[in-house]
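The two complexes that follow have chain A in common; it is paired with chain B in the first and with chain C in the second.
What follows is the complex of A and B.
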């Protein structure tokens, strides 16, 4: 019964909050408006926007030494999570049956294990550094810790339910997923959608000024 | 031919009835014969018993061939499996449980007798940098993995005895399924954590004669005897090398068990399980001492791994030679919020703070 509730009304409610919340936040960002730039543009903004979108995926020269840890652990986590979310067999089945109506070939088991291990290790290392580094500890807020811990819990409960042998374990995982979906639009996890806008805006603004950012 | 009369319907009926009765008697009575014979003490031998006894007792490795494409395909009976099962249920489980509970009892007794080891001179308020950000991140990463793997492993070994009375069979089934998957998924990460510990804590962990003297004085744990110690004392060095050795052995045996895709036979898997389980029990028991001393057992110890700094008096009492080196280098009484200290945290020199040791080794203490 609990599984029916979690995969039924709670899932629909949390998905609705997620879609509505994310849309609202994005509209809020896009309609915020800026004071007009009265200077003569040196060039179009869109090449800079496109360039910066990709160039910020690597640390700028001079910052490599301090950012290597975050770069490596960050990619470990994000790539691992991407493979898990979209190519783990149970997720492919869920998306096909409950969301999209079509599916795709899931990742082989060995790739799933590799992705899961990278994701867990990357997230744990990033959060530990946030807690241990004095500067990062001081500038971290509740949102930073909650996002990391909640994501870890979702992944952990998913790992517990891997055998797909007990409804209770699947229900716990779905419950944590629903909690994450509800929390998502109100948290820094929105960077998953806003980083395009952030990088693009910076690149466009700099390109308009004639600066290669 | 026409003179031979066909049997009458009544005769046919009687014949069929007799045959049916005989068949029924045969089906009902014949299976009872062995019981009857057993009751009378007559021994009936299983005609296949001799064959299977010979199969079970034959010398290994097998010379039989089979078309089955499996490393154990030619094995009709695996006798070593029973040996392994008996070891697990009759020795590993009770002796391992005794080791773990005994260790907990010893620690409790030590705490009741000795109490918490206080900083005798009280806190000086002066901070001495002890472990860097990288060292602490890797330590807690390994510790977190160890706790997850240890707890899930203990559920797999002792769950049926401890958890079934609490959770019932269905509850334990779900718990065990969850713990098995978590243990198998987090296991492959553990070797990397061990390698990280080796890299970041290896320097300064060579055993010296100083450490022998430290052991003779029991590390100064009893009474007020001061045991000289450098950056790491003898106990810490022992724990470090135990972690490296046990960690690598448990990782290798765990990977053999977790990925049976490379031709591992039953015997290799059983042997890997024995190694894995025995080392795990000893490892967990030893870790209880490490956790105790680092938290409840010794005032001021936990700060080294949470803040990265220790109190000056704590350093003087427990690592006096290292304290002297730090004092000489002007690193006693630092301000952890000072820009210089904060910048040092960003230093990705993997050696971390440590003692200001000359390159190539420690100062020879």
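What follows is the complex of A and C.
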């Protein structure tokens, strides 16, 4: 009964809030306005926007202090999370049956375990840095901790549900997924969508000046 | 009559801050994951270890306003009377972070994983702080002098003409003033006129040797733009407007920005946006012009410089301005094997005095502490001469070297080239 509710009405409601909320946030950002740059450019901006979209996925030239830890932990978390999200067998089935209408080969069990380990370790390392480093303590807000903890709970319940194959665990996992979807548009998790904009804006502005950003 | 806001007016500041949150700023705040990496790129943090100097933390007032007025949870909190609005105390507490501990060098903007241009955000926050009167007295004074006298250091046309007389006497060459239809209208910074007049002499010799058609303009010789530094776009637009009017009245083809970082940013990149239209002339940096003359074979040097020297990239000219290859092409003419600093070019470390910090007496101790970064860079190379292309960098570095008792000479690139110029017009040997 509870599983039917969380996989039925609650899932559809939270997915709608997610889509509507993310769209609203993007519209709000894009409609703030940005006057055209009237200075004579050295070159077009769009190649720089494209370049920066990728270049910021790595550390800047000669910039290793602090960045290496963040880079390694960040990649561990994000790669692990995406493998879990897109290739965990129950997710593939769920997406095929409930969302997309088609599926793909799921990850083997060993890859699932590896991805889960990476994601948990990466998230834990990033969060430990957040609570231990003086800079991180200074700049972190409630939202930073809430997003990290909620993501951890979703991953944890997901792994438990898969490993234990128990219906109630699956229901709890779905409930946390729904909570995450509802929280997402109002949180820092929005960076998953807006980083395209921020990297692009900066890359384009710098490219107009002839600087690779 | 345009004036500098000196009285505190918090409500005005908040209203202006609200206007500063454009699409870029909203995207940047939405993307920021508070990773803190920008701290490691900022010399005010690396040299003090004080987390308050984390670049993204410097724009906390703007973030709080954005969060409260542009996010659902912020709006909900406000409606329910939860959380707190910005207060005048926030402006007072963040003045140091907005002005004293940021040179707008933009190094943080180069390392942000989500691509946030934090220097852009701080520049916009300065608009609000300047409008609210929460800006350093030194910058308020400089801006007032720029508006009333025409120069942040109070340099008048009479002072410039006195320097021109000295240059003409030393070189035997004519320094052109208000020449209608000249190809290039040269701007100068007050610091060059007052502290480094040898730059004017060097340029006079180089232009004569290269056959450049140029002029100074009596109505707009000052390039420094205090409006950009304090963060007041109206003042900045007025100062740019004076240059534009003079250039268009003289009918010059190009305006030449001098060896001054923020002057270049103001006239080359911000200027058209400040006055609301493209220019009817081109703007080039002096290093771009000299490199063009080199490429055309019109700038010729002789001999190599036997000093052990390196080059300091002024942030606004290099990282924020795109003039990266030109100084190296020019320096290689006289020092083909000069060593580069460990972080250089677009990732160079700031001198610590840009963005109006050098005009801010209250920031002096912090600036000298931040200079330890440049000190280490120079010590690692064991150089005896530092070449740069910004009069402000030059004076800030000279002060830093003196403070730390380092025996390194600082010179301008233009001067260095003039010393090696193949020309009958050799520079006057130092006395």
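Keep this in mind: the second predicted complex is superposed on the first by the 209 of 213 C-alpha atoms of A that agree within 3 Å, B and C clash if a C-alpha of one lies under 4 Å from a C-alpha of the other, contacts with A are read in each partner's own complex, and residues count from 1 in each chain.
Just so it is clear, a contact is a pair of C-beta atoms (placed from the backbone, for glycine too) under 8 Å apart; a residue touches a chain by one contact, two chains touch by 3 or more.
Predicted model only: the values in this text are computed from it and were never measured.
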**Request:** For A:212, decide between first (touching chain B), second (touching chain C), both and neither.
**Result:** second
**First, second, both or neither for A:159, with chain B first and chain C second** = first
**Message:** Per the contact definition in the header, classify A:124: touching chain B only (first), chain C only (second), both, or neither.
**Reply:** first
**Request:** Would you sort A:28 into first (chain B), second (chain C), both or neither based on which partner it touches?
**Result:** second
**Request:** Figure out whether A:133 sits in contact with chain B (first) or chain C (second), or with both, or with neither.
**Result:** both
**Request:** In the three-chain superposition, say which chain, chain B or chain C, touches more residues of chain A.
**Result:** C
**Request:** With the two complexes superposed on chain A, say which partner A:141 touches: chain B (first), chain C (second), both, or neither.
**Result:** second
**Message:** Tell me the contact category for A:65 with respect to chain B and chain C: first, second, both or neither.
**Reply:** both
**Asked** Is A:197 in contact with chain B, with chain C, with both, or with neither (first, second, both, neither)?
**Response** second
**Asked** Where on chain A do the contacts from chain B and from chain C line up?
**Response** 65-66, 133-135
**Message:** Touching residues of chain A toward chain B in the complex: what are they?
**Reply:** 65-66, 68-69, 113, 116-117, 120-121, 124-125, 128-129, 132-135, 156, 159-163, 165-166, 168-169
**Item:** Interface residues, chain C side, partner chain A - complex
**Value:** 21-28, 30-37, 39-41, 45, 49, 51-52, 54, 56-57, 70-73, 109-117, 120, 268-273, 276-279, 282-283, 319-322, 324, 342-343, 346-347
**Asked** For the complex, which residues does chain B have touching chain A?
**Response** 133-134, 136-137, 140-141, 144, 173-174, 177-178, 180-182, 185-186, 188-189, 192, 308, 336-337, 341-342, 345-346, 348
**Fill in**
The answer for chain A against chain C in the complex is residues 21, 25, 28-35, 37-40, 42, 52-53, 56-57, 59-63, 65-67, 70, 74, 130, 133-141, 144, 185-186, 188, 190-191, 194-195, 197-203, 205, 209-213
